[in-house]
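Two complexes are shown next, each including subunit A; its partner changes from subunit B in the first to subunit C in the second.
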Partner chain A sequence: MTYFFGKKTEQLFIWLFFPLALLLPLFLEQNEFYVNKLTSVVIFAIFVMSLDYLVGRCGMITLGHSMFYGLGGYLFILIAPEFEAVNFWVYTFYICVLAAAIALVVGVIVLRTSGVYMIMITLAIAQMCFYFFSDSVEFGGNDGLFILMKPDTSLFGLAFFNLDDPLHFYYFCLLSLFNCLVFWKLVTGSRFGRIMEAVKDNPQRTTALGYNVFLFRLLSYVMASALAAYAGYLFALQYGFVNPSMMSWQTSGSALVMSILGGMGSLYGAILGTVVYEGLHYSLEHLTEHWLLLMGCLIIAMVMLFKAGIAGFLENLLERRK
Partner chain B sequence: MQAQPLLAVRGLHSFYGESHVLHGVDLTIQPGQALSLMGRNGMGKTTTLKSLLGLLQPRSGSVEFLGRDVGKLPTWKRMREGIAYVPEGRGMFHNLTVKEHLQMAARPGIGGKLEWDYDRVLATFPRLAERLTNLGTQLSGGEQQMLAIGRALLTNPELLILDEATEGLAPLIRKEIWEVIAHVRASGISTLIVDKNIEVLKNLCDRHVVLVKGQVVFDGDTQDLQDNLSQIECWLSV
Partner chain C sequence: MTHATVLQTEGLCKYWGGVKALDNMSLSFHDKSVHGIVGPNGAGKSTLLNLLCGSYKPTAGRILHQGEAIEDIRAYQFVRRGIGRGFQKTNIYPQVTCLENCCIAAQRRVGGSFNILLSKNSSALLKEMAEQALQQVGLGSRRDTIASQISYGEQRQLEIAMVLATAPSVLLLDEPMAGMGHEESRLIIELLKKLKQDYCIVLVEHDMDAVFELSDQLTVMVNGQHLVTGCVDEVRNNSKVKEAYLGQGDEVI
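Here is the complex of A and B:
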């Protein structure tokens, strides 16, 4: 465990969050609503973590990441036969590969820019995609499309979980979240990750060390987009439908707020940020109809109080950098 | 017949916007040779380096490395041909430790050459070995310079370019850095050293080039430098 998670705060988070997340549904089993709510938080955390890697570790600020979240859901409905239960694992692979291919094309265009221009161009491309799906009758317009047959999850003839059981699906999503965290930690801890750190800090200096900065940024963009699409695919399976709101700029904006709130670039902070944001959202909307005003005030207060996000605050508290 | 030069720069004209900075600079480095590039501040030394590395696109002129025209190649490809650059100001990455700086830079040179590896760099710079877990920016100026040189050596280059390697360092640390550069030079790597310290450079380098207002005003060996010392000191003094 210490191989992947070197910081004390990370280890503490892993040992507190995941056991708690494992046990929590056992107390909520009677109430399917809460299990579904937790599942959607976990799925969104996978998406936020992919954005957190791009923004916090690669210095690529995008407001178009939701396009891949939405595409993950749409791709499944578009490529899977309507009245046949396809294999979950095979289609997970297809969706990630297709999303990666789309990201490769989009990335070649988008990554020629940086800073505010990158924000603009990613926003423009995502909005083009949003309006395309909103205005297309064949894609269900604003209502979106429905999944008529959920995939079959068997692997080599053995079914490990049932997609129709909310508890099974919750645990599968939690495992996916853990795997994604390990994956990103492997990436950031590798030589590739070090080079991306250097690219983020000073691209020209990294170029002068003989690295093709564009290629490294493109690979990072492709990986993050594929995992964003995976999160979108899980969301579509959970609710049984997709609609264009998944790829709206508000979805990217919320994810960016969650990443900043959690502590940009810390990866596990993306999970913290998502949980805190969604927790506040749920708690406040039951208090008053002006909950957004309260939410805004709380987010401003937290950003002012925790300048490096919740993860940064905890790290300052629990450990000091040498 | 003269051997094929390692680096041949011919007629380099570079601009910053409309400002004409380099006026037809020529430079040649033979394999195993050390060349000093001298000049007062603002005479075009760093611009010459940036132009030959592709960090600044010259309007005209050619850059050949090992007989191959690399003038149209992007910077990263030129570096992969066997050039290593230690920039002015050391160029530390703020978020990487000493160990990570060295690990991210390490790669074989052309033809799989692996003369410099992690252990050899740490043996050459023992002070870095004591600071492996420190961030690059937490090192002293001298240690940062050692790290920048070590990082460049780990790319196993044919040509090492050092831009103002001793700038802003204390005299004792400067002496240490010059000793390190002499050690690297003795290992057979060709070097291009940009500096103003004529006393050290005349002992360390085989050839010397002086730039004044973006033009080469002197290009000769150490004996020529010695013969024209007063004129060269005049070009270098403020």
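Here is the complex of A and C:
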């Protein structure tokens, strides 16, 4: 535990968040609406975390990350037979590999740029993809498509969980989120992570030390894109449909806001940011018709108050006294 | 006594549009010696260094490292051939410890830089390499200090330690004494004297006393042109050099 999660705040967060998330559905008395709501927050946190790694740990600011989120869903429809339940695990693997392959090609193009130019080109490519899917008749246009047969989750003949049971699916997504956090922690603590951080801080210096900066960036981009697609795949399975709005720039934008809100680069902050943002969204929506205005003001206030996000604020609070 | 030629340029040119930053430069750099490069501002010294480490691609001419032409390879591959470069502006990773700075530099030698599952602290050898580099420049006691918190002079030493951690045979140093006080400069001079027993050092420096004290060979450049190369005394007494550096006059450098 201490090996992966070095910071005290981080440990505390994990000990608080995951048990709480495990127990929460018990208090909701199996109310499907709330369980589904929680599931979609958890799924989106997986997506935000992959963006948080790219932006906060690699210094690659992208506004096109939602493209991979959407592709995760559309790829499933594209490759899975329509009227046959395929194996969930096999298709998870296919989708991640396919998304990684697409990210490899896109990465070679967009990683020639950096900074503002990278924001522009990732946005442009994601918008191209968005309009392709929203204009194509084959993919259902603006309405998207339904997944007629949900995959079968048995592994070696054993069925671990049922995709149609919201509670099962919620726990599976929560486990995925935890695995993703461990994965990103592993990556950032590895030899690769050391050089990636050096690349982020000072690419010129890192080149002069003999590292091929481009390849480090590319590998990071591919990994983050594959996990974004995984999150999109889970989202598609939750409600059984895909929709071009998954790929819209607003999806990237709100994910970026969540990442900043949580504390960029802290990884666990991505969970904090997503929960707080979605929590605000949900509670304000019921309060007033003009909830977006209120929400905008609150987010501006929070970003001004917590310079390093909520994670940074908590770390300051809990670890300053040492 | 001259040592083997390690690095060589033949008719090296770098033009920026119509501006000849460096024109027809043919030099040889020898092992176990310091080759000083001096010249007024804008003489093309830094351009030369940027060409020698692969940061710039030459407009024309060749760079030979141990007899092989290397002007076409990528910048990061220069380091793998043993050509290490220190920067004019302090160029370190300020947010991590001195040891970590050298670990970053040395990791290429132990490999596994694309391994996303191998812990960065798993290699004792790597730590040893990094520590050795720190000790070589006399920063052993600073290993666990965050790099932004050591003095400016020490940061310049750290910069050299990082280059040493890449296990180079050639050291390209761009004004390692810039902005230093007398005592700090002394420290660097002693360090370079020690290092020149093992490395081929190309030294661009404005501090004339230091250059004269350290250099075995000295090249004077003016306006991107090669003026004269020779041992310190030859250069010191060369009338062309006096003219270029001091304008018309009879003052001795």
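By definition in this document, the second predicted complex is superposed on the first by the 317 of 322 C-alpha atoms of A that agree within 3 Å, B and C clash if a C-alpha of one lies under 4 Å from a C-alpha of the other, contacts with A are read in each partner's own complex, and residues count from 1 in each chain.
Following the convention adopted for this analysis, a residue touches a chain if its C-beta (ideal position, glycine included) is under 8 Å from a C-beta of that chain, and two chains touch if they have at least 3 such contacts.
Please read all numbers here as calculations on a predicted model, not as lab measurements.
*Asks:* Under the superposition described at the top, does placing subunit B and subunit C together on subunit A give a clash or a fit?
*Replies:* Overlaying the two structures gives a clash between subunit B and subunit C.
*Asks:* For A:Val187 in the superposed arrangement: first (subunit B), second (subunit C), both or neither?
*Replies:* second
*Asks:* In this superposition, which partner touches a larger number of subunit A residues, subunit B or subunit C?
*Replies:* Greater contact footprint in residues on subunit A: C.
*Asks:* Does the superposition put A:Leu219 against subunit B (first), subunit C (second), both, or neither?
*Replies:* In the superposition, A:Leu219 touches subunit C alone.
*Asks:* Thinking of the overlay built on chain A, is A:Gly210 touched by subunit B (first), by subunit C (second), by both, or by neither?
*Replies:* Both partners, subunit B and subunit C.
*Asks:* In the overlay, answer first, second, both or neither for which of subunit B and subunit C A:Lys307 touches.
*Replies:* The answer is neither, since A:Lys307 touches no partner chain.
*Asks:* Under the contact rule defined above, give the subunit A residues that sit at the interface with subunit B and also at the interface with subunit C.
*Replies:* Residues 191, 194-195, 198, 201-202, 204-205, 207-213, which sit in both footprints.
*Asks:* Which positions of subunit A touch subunit C when the two form their complex?
*Replies:* 186-187, 189-195, 198, 201-202, 204-213, 215-216, 219, 223
*Asks:* Write out the stretch or stretches of subunit C touching subunit A in their complex.
*Replies:* That would be residues 53, 55, 74-80, 85, 87, 91-95, 100, 103-105, 107-108, 112-120, 122, 162, 166 of subunit C.
*Asks:* Considering the complex alone, what residue numbers of subunit B touch subunit A?
*Replies:* It is residues 53, 55, 74-77, 79-80, 85, 87, 91, 93-96, 100, 103-105, 107, 133-135, 151, 155 of subunit B that touch subunit A.
*Asks:* Which subunit A residues qualify as touching subunit B in the complex?
*Replies:* Checking each residue of subunit A against subunit B gives 191, 194-195, 197-198, 200-202, 204-205, 207-213, 321-322.
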